[in-house]
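Right, one structure below, let's go through it.
Chain lettering (A, B and C) follows the sequence in which the chains are written, and residue indices restart at 1 in each chain.
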Amino acid sequence: MLYREVGQFKTSYAADQAIFPISQERWLVIAALAAAYLVIPAIGSEYWLLTIMVPFLVYALAALGLNLLTGYAGQVSLGTGGFMAVGAFATYKLTTAFPEFNIVFALLLAGIITALVGVLFGFPSLRIKGFYLAVATLASQFFLIWLFNKFPWFYNYSASGVISAPPRAVFGRVYVTGAEADPRAKYLFVLTMVVLLALVAKGLVRGRVGRAWMAIRDMDVAAEIIGIRPLRTKLLAFALSSFYCGIAGAMWAFIYTSAVEASAFEIDRSFQILFMIIIGGLGSILGSFLGAAFIVLLPIFLDNAPRLAGFEMPVNLVSNLQTMIFGALIIFFLIAEPNGLARLGAIGKEKLRLWPFPH
Amino acid sequence: MDVLTAVLVTPFANMWSNPEFVLEVIIGGLLSGVMYSLVALGFVLIYKASGVFNFAQGTMVLFAALTFVGLIEHGLPIWGAFVIAIVVMVLLAVAIERLVLRPLVNQEQIILFMATIGLAFFLEGFGQLVWGGDVHPLDIGIPKAPLIIGGVLVNEFDLVAAAVAGSLVAILAVFFQHTAVGRALRAVADDHQAAQSVGIPLRSIWVIVWSVAGVVGLVAGIMWGSRLGVQFSISLVALKALPVLILGGFTSVPGAIVGGLIIGVGEKLAEVFWGPAFGGAIEDWFAYALALVFLLFRPHGLFGERIIERV
Amino acid sequence: MRLSKTSLAVAVVVAAVFGLSTSTVFAQNEQFIPRLVYRTGPYAPNGIPFADGYADYLDMIDARDSGIGGVKITYEECETSYNNDKGVECYERLKNKGPTGASLVDPLSTGITYALIERATADKIPVISMGYGRADASYGAVFPYVFTLPATYWAQADAMVQYVGEQMGGMDKLKGKKLGLVYIDIAYGKEPISTLEKLSQKYGYTFVKYPVSAPGIEQSATWLQIRQQRPDWLFMWGWGVMNSTAIKGAASVGYPMDHFIGVWWSGSEPDVVPAGDAAVGYESGTFHGAGQDYPVVKDILKYVYDKNGGHTTRDKVGEVLYNRGVINAIYDLEAIRTAQDKFGKKPLRGENVQWGYEHLDITPQRITQLGADGLMVPIALSCDNHEGNGKVRIQQWDGKHWKFVSDWIQPDRTMLTEMYKESALAYAKEKGITARDCEKVM
C-alpha cells in the first residue's frame, strides 16, 4: 500500500533506468536531501553540525571509496588510512603553494594525486588475492604514514609535523576552512561534495565499470576469460577508490579537525572504515552511509546514554561498557544479517512493496 | 646520489667493517622473530582449523595475560594462576563457539573476520573493565641479564623465549601428529565436509582449536607481558605478527616459525643498516614490504596452502 | 525475526535522535571546568593518576575553602582514550555547560591540543597545554588563547643539556661528546630536535637521533645501535609503552642508567615500575615535585581521603603524575582567582579566565600560602609570554621514589623566546592571523 506502483508506467528507457524507479522512493530521497540541506542547518547546533554530521559525512565518503574497491571489485584493502593521508597532505601542499586555488579545485587535484598513488600500490593485487592482499596493503598503509612523518617537506618544515588548514573560501567570503568558517558553511560544503561524489559512484557501479568490477570480484578467472582485462579493471578500482579516500582525508584534515598529523590516519582508521563497509553492506552505496552512521554515531550515543538516562557512571566504566556493547552489537548484527545494514534496508523495502499483502 | 650511495654502498660497507655487530643484529632479529611467531601461531591454528582469520588474537593475548597477572596479584602461585588462566581461555573458547561461530556457520570469510573484530572490541572492553587500565608488571622469574658470548650481546630473556617457542611448537607437533584429537584437527583443516562425513564433530573441534589458540595466546601473553609489562599495548603485537603470517602462509605452523625468523632478521638488519639512509624507524613498513616481496613470488606465503581456483 | 528487526531499527533511530541532546541543570553560582581524561586505552596508566590528582585537588578546594571566592568549582570528566576525535567531541559537548560555559580546557594530549587551538580561540576558551602541545604558543601575541606554562619541550631540552654540562664540569666540556635522543617517531617525539640541534652547534657536541616507530613495543634494533655507537648521554622523548620498553632496552645493552634522562612524560611510575630493578638510576626532567610531603598534598589526604572520598588509593597520592594533575589544577584555579580579582567573585566566562591567565603571577609567597613549597616553581605570564619562565629540575628513580638530583634549572630564555617568536610568526603568516600588539593589550 505504501509502495503502490500502480499507475507508474515507464515510457522511456531513461525513466526505466533511473536510479530510483519507484516514485515513492524518489520522493523519500528528495525529502531526505531537503532535510539535510534545509532542516539540519536551521535547527542543528554547532555540536551537531561539526561533531556529528561533518565526521559522519566524511567517513561515509571514505567508506564509499573503500566499498568501490572492496565491496564491488573484491580487493580487500587495509590501506585506506594511508590514502586519506595522501589526500590530506596533497591538499595541504597544493593550497599552501598555490593559495589562489579554489579549495574545490585543490581537493579534486589532490584526489587525482591520491588516485595515482593508489594505482601504484594496487599493482600487487594482480598477483595476490584475498586476505593476503589485505595484509599486503598494510605495507602501503605503514609506508605512507612513515613517509608523511619523516620528510619535513610534507608539513612545510613545522617543528611538530602537524599540518594546519589555512582559511579557504569556496566562493566569495564563504569560508569553509579556518576559524571564521561558519559551521553551516562547512556542513553544507561537505554535504554537497559527498552527495555529488555518491551520485558519481552510483553511476559508476551501475554501468560497465561496475559490472566489470563485480565480475572480477565474483570469479576473476571467468571474468578474464570473457574479456574483462584484470589489470585495467583492478587498477581502475584502486584509482577511483583512492580518489574518494583522498578527498575524504583532505576534508577530514581541513574541515573536521582543521589540524592533523600523519598519525591521525594510522592503521586504526583503515580498520574503522573497513568495519563500516562490512557492517553497512559490501557492494552497496547506501551501505557505506549506514555503516558510517553505525560506527560513528553509535559510540557517541553509547557514551552519552547513561547520563541521559539520568545516572552518573565513572567515565572509564562507561567507556569500557561502550566498547563491549559496540563489539556485541557488531556480532549481533552480523548474525541477524550478514550482508549488512543495507540488506536489512533492502529486505524492508521488499516487504513494504507488498504490505499489507503477504505476497 | 647521496641516497643511492646510502642505500647501495654504505650499509654493506658498515656490515663488512663490523661483522660481530652484524651477528649481534642477526641473532637479536632471530630472537625477536621468535616472539612474533608465538603470536602468529595462534592465528595459524584458528585459520587452519576453522577458516576464520581471528582479528581478536591480539586481544586474546592481552586478555589471557591480564587474567594471569591479575590472579597472581590476588595472591595465587604462578602454576595455580597458569592453570586457572587456561581454564578461563577454554571457557572463552566455548563461549565463542556457541555465540559467534555457530550462528555464523557457512558465512563468508569476511563476515567471520568482522565477527572476530566485534569479539576483539568486546574482549578489550571486558578485560579493562575487570582488571583496570593500569600497567601490571609481570615477573615470573625469567632471567633478563645480558650475556656476552664471543663478543656478541645476547639477552637471556630472548633465549628463554626461543626455548619456550620451540617447546610449544614441539608439543603442538606431537599433539597434531600423534593424538586422535590432533588427527581430527588435521582432518577438519583439510576439508570440513569430508571430516564431517566421517563423523568428526565440527563444533567440538572448533572449541578445541580455539582453546589451544587461547593457550598459545596465554603463553605469548606471558612472554610479551614479561617483556613490556601487561598493558593494553600488548594487543598491538598482533600487528607485528601479521607480516609473519603472510610470509609464512596463513595455514602453516612451520611457516609461522620460519616467517617469524625471516621477518625478525630482515626487520632488524634493515633498521640498523638501511634505516639511517631513510631517517630511521623503517622497521614497521619494512616488515610488510618484505612479506609483500615474498608474496609476489609465492602468493600464498612460503608454506601456505595453494588455493586452486576453478571456474 | 522480521518484527524484531524492524522494532530494533525503530528503537535505534528513536534512541539516536533522543540521545544526542544535552541538557543538565546547573546551579547558578558555579564555575564549570570540563575534564578531558583518558582512563582507558593504551595510555590509561598515565592518564589515570593525572585525572585523579586534578579531581582530588578540586574536591579538596570545594571541601576546605568552599570553592574560589565563594564560587563552587564543578567539573565533568569526558573520556577521550587519547583519541583526537573523541577529544574534539568531548570539547564540543562540554564547552557550553555551566552558567558561564567552560572556563578553560586541558586537552592533556598534544594531538587534541592541536585540534582544539582554532576552535577554542574562536570560542574564547583558554587551552591550557601544561608541558605539552605547541611550544611556539608561548608567544602569546599569536596565540591569545593557548598557554604553555610552566615550561615547554624546547625549554626542557635546553635544561637537560645544561644539566649534562653541569654534570660534566662545565658547558665547555660538552665539546666533542656525543648526545643522543631516543624518541617516538611522531610529532611529540620530534619536538626537541630543533632545539637540540641548535644547541649542538652552540656547544660543539654531536647530536645523534634514534627514532623508534610508534608504539614502540619492539626496540631491540635501536638499542643494539646505541650499544654500538655509545653516546655519552641519552635523552628520551617517549610515551606510553615505549618508555618502559626503552628502559628495559637500555638495561639489556648495559647502558648506564644515570646517563639516561627522559622528558617529563617519560619519567613517572608506569614507566619505571614495569622495568623493575633495571630502572634504578634512571633520570627524568620534571617541573614539579613528587611525593606526599607537601602541605597541599597532606590537605588532600585530610579533606578528601580521610572523609572517604578520593579518586584513587592513598598510596598512589603523591605519584609523579598524580602531583602533575594537582599542579595543573592549582594553576587553573589560581588563574580563576586572578581573574576574579578583576572581574568580581562570580562565575566567569572563558575570556575573563584568559585575562586571569595572562596576568598570572605566582610568587614564592603565594606558593607558600598554597602549601606547595618545593612542589611548584614561581611563574609569571604576560601577553606575549604564555609560558611564564618556569624552571626545570632533574629527578632520579631509586627503585621506590623519585628524588631530585639537581637544583631548579632556568632554561635559556633569550634563545627560547626568539625561537618561539619565529615559529609563531611563521604560523601566523600561513594562517593569515595578525599578531596582537602586546603594548596595546591591557
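Simple rule for what comes next: a residue touches a chain if its C-beta (ideal position, glycine included) is under 8 Å from a C-beta of that chain, and two chains touch if they have at least 3 such contacts.
Computed from a prediction, not measured in an experiment: that's the story for all the values here.
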Chain pair showing more contacts of the two, B-C and A-B: A-B
Distance-maximising chain from chain A - centres being C-alpha averages: C
Whole-Å gap separating chain B and chain C, where each centre is the average of the chain's CA atoms: 36
Distance between the centres, which are taken as Cα means, of chain B and chain A, whole angstrom: 32
Residues of chain C touching at least two other chains: 39-40, 44, 48, 185, 213
For chain A, residues contacting two or more additional chains: 146, 150, 316, 319-320, 323
Junction residues of chain B, two or more chains touched: 128, 133, 279, 281-282, 284
Chain A-facing residues of chain B, complex: 53, 99-100, 103-104, 107-111, 113-115, 117-126, 128-129, 133, 239, 242-243, 245-246, 250, 278-279, 281-282, 284-285, 288-289, 291-292, 295-296, 299-301, 309, 311
Touching residues on chain A, where the partner in the complex is chain B: 76, 124, 127-132, 135-136, 138-139, 142-143, 146, 150-151, 219, 221-222, 225, 267, 271, 275, 278-279, 282, 316-317, 319-331, 334-335, 338
Chain C partner contacts - residues on chain A that touch it in the complex: 46-48, 50-52, 55, 96, 146, 149-150, 156, 158-162, 164, 166-167, 178-180, 256-264, 266, 297, 300-301, 303-305, 307-308, 314-316, 318-320, 323, 336-337, 344, 347-348, 351
Chain B-touching residues of chain C, taken from the complex the two chains share: 39-42, 44-45, 47-48, 185, 209-213, 215, 217-218, 220-222, 224-225, 227-228, 240-241, 244-245, 248, 251-254, 270, 273-276, 278
Footprint of chain A on chain C - complex, ascending: 1-2, 5-6, 9, 15-16, 18-22, 24, 37, 39-40, 44, 48, 77-79, 81, 84-85, 88-89, 92-93, 110-111, 114-115, 117-119, 121-122, 134-136, 185-188, 190-191, 193-194, 213-214, 423, 426-427, 430-432
